[in-house]
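What follows is one structure encoded as structure tokens, with my remarks underneath.
We call the chains A, B, C and D, going by the order they appear; numbering starts again at 1 in every chain.
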């Protein structure tokens, strides 16, 4: 019953995950974000692009109990040149108390990390042209993905969008790791003024792209899914639902998703996502403030009150 | 070495540590972090008769030293549970306390009946009856808020479960007198009590000025509520000691994060301890708490866990 | 500038921020940190008819995001209160909400009568009736746990207090249905409700394995309980909106530490907000919260505080 | 009704107090303790020996709400040589989560301080010989007091006691600031093996001391009060009750103390103490785990259950 396009959940459940006290080995400001490098060899050795880490906030006596999730930007597995273990990098936007705590950690501080978690971006078996779309810090996991795709012979175009120039992440890195780069900003402070969905049709069509990978705000993911479908590409989108545990035990992070049996279920985005096929997500039931249970979902309440 | 085994009704468990229902899914996820058979018992997510989608999102809100949840009892239904989840738990050698729920007393009984007839029933050391869930017939009032509704559920479930398998009524703290509900449940056939379920709470999204949770109100859990759990266990245990109700084992739950926290519940009268929300912070919390609790008892020179159960009673007022 | 004034029964207050009873003594101590006349009202420690020593120590235990207290209503008695404390508050220009308590309904009435006859009564904008205290006649059961006992106290106090001075019943959250108690109080003459008092809790001293507090159980307060306070205010306000009881102003209290916290209670239906335990962390918390709340309403473009009271009702389910 | 030996409480209530974000300017390990120097000019300008400061633990989102109290070891009022404001020093024993947080602060970190709080040691108006007694870190406020007493022409003897040598504080400073120093340790690792109360009678008698000032654990204060009374000296003892607020608003910190009207009341040790006259404390009602309400106290319950 948990079947999903490319990877059965039972596999995801069995997938290895570690918990470690990771030392912060570097932290730098990048535009509106903080770029953190953690010595987390266990995670580094297992992670795939699209997976994420869940970080604990504060110490043992912290009043903030729940972990915060971040896409893995990059991993450097194995012992590094200076003999240290593998590293995991993340890009954090400080929006609330938890992310403020994380971004104010200093080099040598330790952070409790659980990872890698979630379903990675499924990679095509043939060398098809791909388009990557990143909104704000949502681009963080895409460069690593781009590398893997190009290794498989895929052409990779990337579209980076944000509200303003300082909220773009990785434009330079994009130029290094992708075959084509398009930038959009809502205010026109960099690239094309507008949304990623404005330029996306062209980029897909130009290359005849077969897969569109996207990470960013829910509204963008919906638009990308629609555009991809309309232009004959498969969308693989990494969603961001509020998560209490990040490891599949609390059921808070659910999204209405259609399974291969055609039935909609409320599935956990932390273990059965965060990457879903765009055409499988029930966007009609996803609002800016949360997802409602579609009346036709498996086990939906008889009389829907909400 | 402290003998950590504990007795719950007809069953003796290797140790008193358990997961809390709904805070550990049905085992496979946590098994990636530790061997779930190391627990005294694994308590599963409350299961109802049919598959349930649960509520819309957001289903959680973080609160100081705690959280609110309104999952809405999402689950696969008892049939899928006995076909997939219970056999898996049995296959890894876990001792299981399935948690069952229902919208009516007969639904509870039906779920219990299907459970009993399961091939994997051998791994079941007891059944937790989550009566802290809404009674459809009574305007959605929680069963555990009313002694009569509680007793009816327990009596019907007791009939379905073999005599040598204890059943535990899981109580809500949102009542004027928890000892009255506890006594009603025991009278109706509960072999033990689990205390406490979440407190009814709510949070407002102050950006949008509307309820934060899709379900408006939600259940408050986590370290912030531990004092309420300790009090509930204390009160019910005191009622037993004073002969106001028969003595049955209590499973303590609510805000346990460390071995010291667990010891509070044990000293107040709990024969076993469940770890819930703390697992979201630290997936290994249930086994870590077991290790810490064992260490504490060892330091204090106890030979057996049993000696410590309820030890704080009769010690007030000493100097 | 947002008009922060608020109406509580017959009285209009300059702003909705108050101290919480028992978390601010009677004013002189906090006046060293800020001018207590800047508050919408200063709520005094619950006073009884005679001087009271309170309980032995320890009287407090720290808990995650909160604390337990078992002060035992220590106080000078109503005579000393009207001779010293109330005149001092009047002398600095404070608007006062004296909190009164009693072990019987007639004690409450007596305290109210002495209060009314005080020379300094002019500074009194209302009387808070702390019915969340033990009823001596009823095995120490808290008045606020029983609608009849609650109503009796309120009716007797209402007779003693002049019509143009509103009285507020302060409710306990430790009940199965807080709307029933609220309705009973309003029917008996309460002009408003204060919610919530502390939750009954307990902690164990795990070194000595005995109850930590001299009084065994204690009252749980602080940010950890805020979700319970928001829920209580929400439920009672909803009962008013649905016509299940008359509409009266609600004073929200429980776990407020910041302006955002206060806004949660206001949006849930509170016309005023009290700050209690947070003052132990930050003595200026009541005026800081006022400043923060005012700033938040300004940012959001509200012209008056009144518009925001209860604004979250009817907004659930919107998208 | 609040009258106390030397200073009416209304004065204590009116006494000035400040709240400030103090920068930690130095922190050093001293034996078993951590010695902290805080830039806290407001407190430094107002404090008197025997008063204390109440420090907040953690940041705004901390789950630890209550302040922790520490005797003021020393103040340096006014702008210091480097132009910084006055400093306040404290000596902290890390025993629990709060003190561990405080002792692990780094130079330049800020700590929220309220102070000075409480009733200071009352100073004699005539130059009488005095004995100071400090148990463990309880000696911290005594050297400052010694200086003030000697300025007034008093001879000052000091007795320092602790469980073991590393838990003694300020033996060297004692030699500088006092006329005679006696050291005791429970285990004999330094000075006389035994308790301060073993050596105290001699020290009092030798000088004909008129006042004994003491700070340390409750049991020691009781013994000191008894010895002082037996040897004709007035004891002034600084007590340590569990305090939730430190500023007189919560009523958690009470002790049974006899007023000048001969009546026992449960008085707040944060504003009416921490310094009490030893013979006014109802030691009969003070147990190692807390104080009970003496049945003859004002407003005591009719039937005492405890």
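To be clear about the criterion, a contact is a pair of C-beta atoms (placed from the backbone, for glycine too) under 8 Å apart; a residue touches a chain by one contact, two chains touch by 3 or more.
Worth saying up front: this structure is predicted, and the values here are computed from it rather than measured.
J.: Among all the other chains, which ones are in touch with both chain C and chain D?
T.: Output, common partners of chain C and chain D: A, B.
J.: Report the inter-chain centroid distance for chain B and chain C in whole angstrom, where each centroid is the mean of the CA atoms.
T.: Measuring from centre to centre gives 33 Å for this pair.
J.: Could you put a whole-Å number on the gap between the CA centroids of chain A and chain B?
T.: Measuring from centre to centre gives 35 Å for this pair.
J.: Centre to centre, by mean C-alpha position, how many angstrom separate chain A and chain C?
T.: Computed value for the inter-centroid distance: 46 Å.
J.: How many angstrom between the C-alpha centroids of chain D and chain A?
T.: Once rounded, the distance between the two centres reads 56 Å.
J.: Send over the residues of chain B in touch with two or more other chains.
T.: Residue numbers touching two or more other chains: 64-66, 208, 222-224.
J.: Indicate the residues of chain A shared as contacts by at least two other chains.
T.: 60-61, 63-64, 289, 292, 306
J.: Edges wherever two chains touch, nodes for the chains themselves; is that graph a line, a ring, a star, complete, or other here?
T.: Shape = complete; every chain linked to every other.
J.: Where on chain C is chain B touching in the complex?
T.: 61, 63-66, 68, 145, 174-177, 199-204, 206, 208-211, 216-218, 220, 222-228, 230-231, 234, 255, 260, 263-264, 267-268, 296, 300, 308, 311-312, 315-316, 318
J.: Hey, which residues of chain D end up touching chain B in the complex?
T.: It comes out as residues 61, 63, 287-289, 292, 305-306.
J.: Can you list the residues on chain C that touch chain D in the complex?
T.: For chain C paired with chain D, touching residues are 22-25, 28-30, 32-33, 45, 50-60, 62, 64-67, 69, 71, 74-77, 80, 205, 208, 214, 222-224, 257-258, 277-284.
J.: Applying the document's contact rule, which stretches of chain C touch chain A when the two form their complex?
T.: 64-65, 223, 316-317, 319
J.: Would you tell me which residues of chain D are touching chain A in their complex?
T.: For chain D paired with chain A, touching residues are 58, 60-64, 97, 101.
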